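In what comes next, chain A is part of two complexes: it sits with chain B in the first one and with chain C in the second one.
What follows is the complex of A and B.
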């Protein structure tokens, strides 16, 4: 479908059409940060934020999620038997999600849904019920490195619609079949609009070229053991606190724990975010720990995201360059510097 | 939509204490729903997540062979939260099984070859499944000579005595059952598994070896095979690791790029040589 135009003063009608069947969420200022929250009115939509503090992965992979329940009573005829949780009961729109976050869910699709057996119904259900309306970045932030990892400020990967802010109006690119239905009623974009969008894209990419960029080509060529045994890891791990901040704010990190909880006659099995840099993560019941030192765990996270995922997922990198970990790491470990060392 | 996290409900049919120190118990489980029993098609080498509602799940190798019917056998070591609860459960109680998970022993490659099995301690569980499977009349002709070397610390720590005592009487399998040291009443072989393996000296010609045991046994058995001229592709091993999802998503059980739950647990030595030693 051709690109369309949506005037900003026509936004309320556009949102009303979405709201017939969806709950709309958008980044909104809460305290000092932008966070994802339900959109109450069109006027609350923000166009000039950089990105939300945490990624929106919570919408598909909640921090804690009940997977199944059971009656915690052996005397009950159905007792101790697990019953799956009901699917999501609402359809949602994530409005103004940044292209890096939208692409991240495409990467996670490759991990949560691999084949007939490894097909996560909890992830898939939420993905199928959520429309992503992305907002292109005209003014990338200094810690962003999306163009180094196969993404970009106007990337179309992973979204259903991509909006480009032209000032008083938005260029609407249809980036998936599902998105087409919502752009049908809009006017076609003119040549001037297309030209302006292209200029904004180039300006954003030029700005990104001035940021610290990252090379990944040599990582792809090196063998696993060559990267694994490289002495660089002896330095990288030292300041890491194993706190997990990078993992929690990251749009592509997805490690989780499964725990059973009971309260009286109620029982449930939940999945919670976990982080591979925690010492308990891989510890066997016997006490043996294959990644018992902090160095081994820190190395694991970078190897997983930049070597193992590309190796197993057809070259896709397990990082979209959003830069949140660069901003939030309490000891200032910069992923860009680590990856450039891996790529040396 | 199929939910790979949801366990099949099963009932404990029989509990058997396998070892003199009671640290290992065998559980025969029967499916509560016939359609689940039908769906659970497995091949020796695979494992399943045993689910105890309210406590959690544990990944345990399937010890029964699919040739033994629809019930499943698991032998479980008492280690922590879930296994301690399981050890306190009795016949008639309800629990769950999720699977079959992982890859199985490479029976396609094993066809027409001599098979050497070396098992130490309670790593023998999936190898019980393998031997029962291979000795079944439907399968025996597919394989050449079968050698079974199995050792434990003491006679009281040997598993599956009912099975291997029968195998010793057969002429289509060579059994070498050993214990680490002399023990009153024990008339069989005495010696560590690597030593016995050296004495048996299995030839590598047209053969595949399945080795499963504690790290110390592997460390001393591997050089025996090297000296006899075995190649890394001929040696098949099985790893274990801490697991949660069991289907290759949650990021916990990986050794380098391979998930033990999905790309393994069965790996050849040739594959392991290319993987980081984080196990």
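What follows is the complex of A and C.
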């Protein structure tokens, strides 16, 4: 479908059309950070934010998710039988999600839904019920490096519609079949609009080129053990606190820990975000820990995202360059520097 | 404070210590890649010591890193330390985690560190790409942004109520000591709000304070007091604390951690600086600090010979809180 135009003053009608079947969420300023929240009215939509503090992955992968419940009583006829949780009861739109976050969920699709044996119903259910209306970045922030990892400020990967802010109107690119339905009623974009969008894209890419950029081409060519045994890791880990900050703010991190909780006669099986920086992450029941040192764990994070995932997922990198970990790491371990060292 | 001069002096001292073999490494800071956050740095050679800096953005507690290195790897450490950090070093020595002989303390009086969130708050929604120090002012730059702020107005909460700017133990100062150890703020005002609230109001205030917690444990992991091999939240035999986001579990973590810091916390602020979601966990520790101070007349980390009240039983310990 051709690109369309949506005037900003026509936004209420556009949202009303979405709201017939969806709950719309959008980034909103709360305190000094932007966070995802239900959109109450069209006027609350923000066009000039950088990104939300934490990624929107909670919409698909909640930090705590109850997977199933059971009556914790062997004497009960229904007891000790796992009952599934209800699927998501609403359809949703993530309005103005950034292209990096939209792409991230496409990367996670490759991990959560791989084949008949690995098809996470919790992930899939939420993904199928959520429309992503992305907002292209015209003004990337200093810590972003999306163009270095196969993404970009106007990337179309992973979204259903991509909006480009032209000022008083938005260029609407249809980036999936699902998105087409919502763009049908809109006017076609003219050549001038297309040209302006292309200029904005180039300006954003030029700006990104001035940030600290990241090279990944040599990592693809190096053997795993060559990277794994590189002496660089002896220094990278030193100031790492092994907290979960980088993992939890990251849109592509996806590890979890499953546990059963019981209280009296109630029981539930729940999964929580886990983080590979933590010593418990790989600790065996026997007490043995294959990654017992901080160095091994810190190395793991970068090897997983920049070497193992590309190896196993046809070249996709496990990072979209959103820059959140760079901003939030309490000791300022900068992923861009680490990856450049890996790529040396 | 003349940050440039202190930076040069720290580099000079560190280079000398390393080239003379007096220490195996110097733990300090080097320039960060993001505004308002320098990074903890381990300098092993005089060349690496050239990277050391001292700025009002040194927001971690370096004592934390001395308990994380595998023992036996480093014989003697140089460490750049201001008042609160040296109080933690004293605490770690009292708790037999460090020996005084293992340390060469390069002392600096604390200028009071900048709270990056307070600066971000002044420019909501704006991107800050650079923050420079000019005298007593910060120069804040970004797209459509070129502002100045008086540094005094954006310091960390704990720095306003500091009682010990100068190092308590030190081997060599990187500049003259500050005339006053105290910054002059009233720490009881931080703790006092709890006392005026009834239990229901306290619970609501507590919930409001901690509801954004994502259990990343950055606060715990940044804290020099938290060196247990197995933290209580990680214990599974038995499991004391749930791992979910149920507020009961979030509350358990924060409440118990605060109590484990009783009589030990020096109010260094590293926890609040580390938190990625801006939680003010000092609202708990400040109340506990006040209680310890009033019940036992004790302030942690000021004297190596002192015996921390939570480590020692005395027959005349206060009992009036036992009802």
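To be clear about the criterion, the second predicted complex is superposed on the first by the 344 of 344 C-alpha atoms of A that agree within 3 Å, B and C clash if a C-alpha of one lies under 4 Å from a C-alpha of the other, contacts with A are read in each partner's own complex, and residues count from 1 in each chain.
Criterion: a residue touches a chain if its C-beta (ideal position, glycine included) is under 8 Å from a C-beta of that chain, and two chains touch if they have at least 3 such contacts.
The structure displayed is predicted, hence computed values, not measured ones.
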item: Fit or clash between chain C and chain B when superposed on chain A; value: fit
item: Touching partner for A:320 - first (chain B), second (chain C), both, neither; value: neither
item: First (chain B), second (chain C), both or neither touched by A:64; value: second
item: Partner chain(s) touched by A:18 [first = chain B, second = chain C, both, neither]; value: neither
item: Chain C, chain A and chain B - angle at the middle CA centre, rounded to the nearest 10 degrees; value: 90
item: First (chain B), second (chain C), both or neither touched by A:290; value: first
item: Which of chain B and chain C A:29 touches, first, second, both or neither; value: second
item: Contacts of A:259 with chain B and chain C, given as first, second, both or neither; value: both
item: Lowest inter-chain C-alpha distance for chain C and chain B in the superposed arrangement, angstrom; value: 7
item: Touching both chain B and chain C, residues of chain A; value: 257, 259
item: Contact footprint of chain A on chain B as seen in their complex; value: 1-7, 9, 32, 51, 53-57, 79-80, 83, 93-96, 241-242, 244-245, 247-257, 262, 274-276, 278-279
item: Interface residues, chain A side, partner chain B - complex; value: 67-68, 70, 72, 74, 79-82, 84, 111-112, 114, 116-122, 124-125, 223-225, 228, 254-260, 262, 267, 269, 274, 276, 281-286, 290-291, 296, 300, 303-304, 307-308, 311-312
item: Sites on chain A touched by chain C in the complex; value: 29, 31-34, 46, 48-50, 53-54, 63-64, 139, 141-143, 212, 235, 238-239, 241-245, 247-249, 257, 259, 261, 270, 272, 275, 278-280, 293-294, 326-328, 330-334, 336-337
item: Chain C - residues contacting chain A, complex; value: 32-34, 37-42, 60, 64-65, 68, 70, 117, 120-121, 124-125, 127, 129, 143, 214-218, 220-222, 234, 242-246, 273-278
